[in-house]
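So that we are looking at the same thing, I have put the structure below in structure tokens.
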Amino acid sequence: KSKELMMATTTSTDNTGLLDYLIPHFEKETGISLKWTSTGTGKALKLGQNCDVDVLLVHAPPAEKIFIANGYGKERREVMYNDFVIIGPENDPADIKGKNISEALKMIKSKKVVFISRGDDSGTNKKEKLLWKNAGISQPDKEKWYVQTGQGMLASISVAEQRDGYTMTDRGTYIKYQSQKGGNATLKVLVEGDSILLNQYSVLTLDPKNCPNAKYDLALKFSGWMASPNAQNLIKDFRLIGKKLFIPNAK
Amino acid sequence: MDFIVAGFIKAIELLISGDYSTWTAVLATLKVSTISMLLSVGAGLPCGFLIGYFDFKGKKHLRTILDTLLALPTVFIGLAVYAFISRQGPLGELGLLFTLTGIAIGQTILAFPIVTAITASIVENIDQDLKLTLVSLGAGKRNIIATCLWEVRYGILTAAVTAYGRVLTEVGISMMVGGNIKYHTRTITTAIALETNKGMFADGIALGVVLITIAFIVNLSLSFLRKQ
Amino acid sequence: MTKKDLIYYLKEIRHFYGDTKVLEIDDLKIEKGSITGLIGPNGSGKTTLLRVLAFAEKPKFGQIFYKGRPEFPFSSTIRSKVTLLTQKPYLLKRTVFENISYGLKIRKDTDKLEKRVIEALNNVGLDFKDFALRKWHELSGGEAQRVAMAARLILKPEVLLLDEPTASVDTESAKLIRKASLKARDVWGTTLVIASHDLQWLYSISDKQFSLFKGNIFATGIENIISGPFENLDDKVVKKLDDGQIITLDVTQKKECIAVIIRKKNITIELFESTDKIFHNQLSGHIVSMLLEEKRGDIMVTVFVHDLTFVLRVTPDQISNLDLYPGKKVVLKFSSSDVEWIK
Amino acid sequence: MTKKDLIYYLKEIRHFYGDTKVLEIDDLKIEKGSITGLIGPNGSGKTTLLRVLAFAEKPKFGQIFYKGRPEFPFSSTIRSKVTLLTQKPYLLKRTVFENISYGLKIRKDTDKLEKRVIEALNNVGLDFKDFALRKWHELSGGEAQRVAMAARLILKPEVLLLDEPTASVDTESAKLIRKASLKARDVWGTTLVIASHDLQWLYSISDKQFSLFKGNIFATGIENIISGPFENLDDKVVKKLDDGQIITLDVTQKKECIAVIIRKKNITIELFESTDKIFHNQLSGHIVSMLLEEKRGDIMVTVFVHDLTFVLRVTPDQISNLDLYPGKKVVLKFSSSDVEWIK
Amino acid sequence: MDFIVAGFIKAIELLISGDYSTWTAVLATLKVSTISMLLSVGAGLPCGFLIGYFDFKGKKHLRTILDTLLALPTVFIGLAVYAFISRQGPLGELGLLFTLTGIAIGQTILAFPIVTAITASIVENIDQDLKLTLVSLGAGKRNIIATCLWEVRYGILTAAVTAYGRVLTEVGISMMVGGNIKYHTRTITTAIALETNKGMFADGIALGVVLITIAFIVNLSLSFLRKQ
């Protein structure tokens, strides 16, 4: 019973099926049983702060650093990444295909084409806000063309599809979306490849000072395992419709 | 625990400061709940009356089905409505997806069985003597319905208030059909869900308090209908 | 009597609750503008018959003609013409005023409403000022009964069916209800059918009485019904009373018989037993009440014979001659053949 | 009569509904094992008084002593001793059997239950086989009333309060209820208080009668109450009847008076008017009924004087001498000073 | 539209094949809803009775508050329960977070006002004559409560069934307090939410059909309590 670990994670790791694929291996190798609850990054961090879980798997590096700085988290271990892409309708009304990210966003703004934002303060959303800032555009909160769904990535993609709009998504979820559409997804990847678009996932352990009851040692074991060559290989091999979703990068 | 206290304080702030996004959510909530209540009460009262008043073959089965409809999950209703009004759906042309009207349709489906089932069970309880009295006083069909419902008005009020509570607090339909789009289809409940997901528990509580305040004001203004 | 003078004609009506037959009326005619009394023990079918007459219950079999027209399934127009005061009157959860004006309101006939409500309340002896604004539950039993009556009277209906209208009403109010009923008949030509256990009151108001017994109807006035069990004795049937007296009756039917009617005209009242052979039955009892039948000036005399009750109609002369008064011992005489069996 | 023989003693009871006073009883004593009758027009407070006696309604002012002990707030033990049959009997939504056995079940007294239910049903003239398994709504009005009565009788209560127990019950059943009530008193020592509009029945069962009028209680039997409006004439007060007759009454109180009682012992019945000076009032009317008071052998005679009703008690001799019978014209005589005013 | 049809087919598959994750969710759902119904009916019936039966000062206000509680958003209840049972909360020691018991507590809070309000309104309607009859037959307090509730049993059934529908379909509490942990605290509704979030609409519909099937079976087995 003591060898039981409770993790909070973001929806993307769960929704893509990565955890269902990965965790049985972890349990088998370590004898630790892992339960997880998947939620928004903000809530996952909050659950960690309140000591309701033992370990976190999230993807919002700036927020993670603050989390540790505040004395809630101890180690932060980068384990894998994927990348963000801008997707949109094939006919590309704002004409952003192939442009760099800042230019693309400027085009969208000037043409006032619908852009779907998750608006939920998730890792993805935080990244998106950063991109607007980098492009020198103030956060278009109340613009008519700027639609904030406050929902998960897939739901937001589906809104973009229904509204013929653009959105920013992590590649993993996009591939999931493609797989569901059986290959005839109406939204295509239009902007990709910028280094700023990297989406880093990390395992966070909780600071035992803040959460003496949290199973710090088991959490360390988990983050260690995630960085182990074995796990990294498993992550590398995880595919959906033949496409890789995450790229292991543990140091 | 602290976030609860913080939430209550924040609720007062939100209400006093007239925070724009809160007020648009309040308005959206009021709009959809009013429409769906009008529709579901308008349809549910007569249906409930007919089911409760008359004895017919299969009545018991109909009641069982009706009771089962009380357990329609909101996400399920949301999905079903979505299927109809999404672009690919049969009613896609109407452009109801991500609109308050779309949410109201779903909420009407949610509230209708509640209004109908409770009304039916209250009407079923009506004294046989009342029926006989109305018939013997020469009341026509409409008069019988209106008078019977008026006789059990306190019960009907409970049916409506229960349905109202359900509609006001549902998330699944608003999320699925409305899309929780800020300033447009974001209702208080979807906003609460969002804040909670963000880990902003105090904000979730605050919005919850706002919702309950709305419910309280509505119920207070209905309470003149209560038995004195 | 032409067919047009009949307001009701019931033909071979049978009604059941579950498997139990509660109404078996082969032929019942009620004339326009008449006042008919219904008498009968509890459960004899009075309320059921009134409901059928009110078109509020459809009998399983048989036909009802209203003014010569068969009336099932009933039209809505007829409902506004026939009005029933139920046995347990139900008041709407409103004020007395609203209760009384309800029927007029649904008829959209609200001319001089207040005046008419005042009059209706007066008709049942209630003061408008005191009662109009009371809520339905702020009334005593008899007051509620009278409000319900007022709510019927105000409609000036073509037919007014009253189910025990005086059950919990005081004597003065019973007189008022009688007056109002007679007025309804005389002024608006209303036909009334009234069920009641208060025989004197019923006789003071009705032109004609029917007795009901187990769903069967018997014309002409107060019938004396003796129910079984009976014993067989030779070719007769007898009923033994606990005090030793024996009633002997002829068997006229082979069917299982549950009760026997002895018409009051066949019963003679005397002070002493006689040896007259035609009276097989000579029963001793005592008079318990003598009631005036205001219509005819005759007197209804109720006699207790051990635990049986007999009611007969006697003229004032007979009373004077025999010096009858309540408490007086008398002998009732009738022939064993003057009976009608109820199957 | 020692204090211990009193089962009830009501002292300065005042009860109100809203602002309206509905009970004003300065002193009421009810003896153990007695049968008390309550008479009075609709709304006079009979039901209210019975509720107070049943400890189901707490009067606003005043004290109730039960067997000498003050009994408010009431203990739960007393509730199981005092049983009320309400005016509109309510049957539980169960079978007749369950309705009748309910009281015993909550007393956990279920010994020989079926036998006792059979007996209770017999007491009200209902057949166990036919009725026990019927649902509450499968009964006629009078049958329901009798089932409710049986449910009270089976409890063998210390006090049995009956609110119009015969209101919709047939004559035979009324006789049965009378018999059962008397048996309850004689066998179990039950004290009964019975409200009824059926005077003959009430007189045949009760030892003592009280009249209620607008919440006031008056001892001894049938009172003749004449309500206002009155007119002042010199130092007297008069009531004019529509037929021209005039009743003259002495004013005894300066307060606003609403009605006057004329005790029956002060009224003389004769055939013709006389010039006797002591009778200021000589009213012509006619007899409408003569009822036997089984207890005393006297006869209650009801006389209509235009629209007033008078009830007097007459001996058989008087009847024979005057040759009285229903329908006979008579003159009622009484002095204008033999009256009691009700404020 | 297609996913609705696909969902129904999938529902049958799920039910027949005995899919493990579905069955654990079904069991979790049944467990929490049974516990919360027992608790809320057990507490709500007597409370509703007292409020409906007796006249007291402030009754009307109490009814208004009760009606307002019908509009408690589930996420709000979820947050409040979370505040108490989170490790930092006053009841953190009990380890109720992410357990079915925790969910059941929240659902009891959700269902209690529904049972209470509908019961109160039905009891309020009870004939004055019944009260007088019971008192005059010597019924004690408990007998009065039991008998009155039995007299209005069909109405009480509706109260319970309505509350049951609410409990069965709620997501907010299960999600917040239970954490939607696979094989542990995942209920059908949180599973539906998850599938829908994943865009697996057909699976969402399928699970919805499973839930409705459960409700139907429960209601069917209760229908012997209905008026014949």
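Should a chain be cited, it is by its letter among A, B, C, D and E, assigned in written order, with residues numbered from 1 in that chain.
Keep in mind that, in the parts below, a contact is a pair of C-beta atoms (placed from the backbone, for glycine too) under 8 Å apart; a residue touches a chain by one contact, two chains touch by 3 or more.
None of these values were measured; they are calculated from a predicted model.
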Least step count from chain A to chain D, where 1 means the two chains touch: 2
Touching both chain C and chain E (chains): B, D
Chain at maximum distance from chain C, centres defined as averaged CA atoms: A
Centroid distance [mean C-alpha coordinates] between chain E and chain B, Å: 17
Centre distance in Å when chain C and chain D are each reduced to the mean of their C-alpha atoms: 25
Approximate Å spacing (C-alpha centroids) for the pair chain B, chain C: 53
Approximate Å spacing (C-alpha centroids) for the pair chain B, chain D: 55
Touching two or more other chains - residue numbers and ranges from chain A: 155
Contacts with 2+ other chains: residues of chain C: 88
For chain E, residues that touch 2 or more chains besides their own: 88
Chains grouped in pairs wherever the two touch, ordered by label: A-B, A-E, B-C, B-E, C-D, D-E
Residue ranges of chain D touching chain C (in the complex, touch as defined): 17-18, 40-43, 47, 87-88, 138-143, 145-146, 163-164, 167-173, 175, 197, 200, 286-292, 294, 297, 299, 307, 309, 316, 319-320, 323-328
Contact set on chain A toward chain E in their complex: 6, 11, 14-15, 20, 35-38, 50-52, 152, 154-155, 157-158, 176-177, 180, 211, 213
Residues of chain E that touch chain A when the two form their complex: 86-88, 97-98, 179-182, 184, 194, 197-200
Touching residues on chain E, where the partner in the complex is chain B: 1, 3-4, 7, 60, 63-65, 67-68, 70-76, 78-80, 82-84, 88-90, 114, 117-118, 121-122, 124-125, 152, 154-155, 157-158, 161-162, 164-166, 168-169, 171-172, 176, 188-189, 192-193, 196, 201, 204-205, 208-209, 211-212, 214-216, 219-220, 222-223, 226-228
List of chain C residues in touch with chain B within their complex: 51, 54, 56, 76, 79-86, 88-90, 92-93, 102-103, 106-107, 151-152, 155, 161
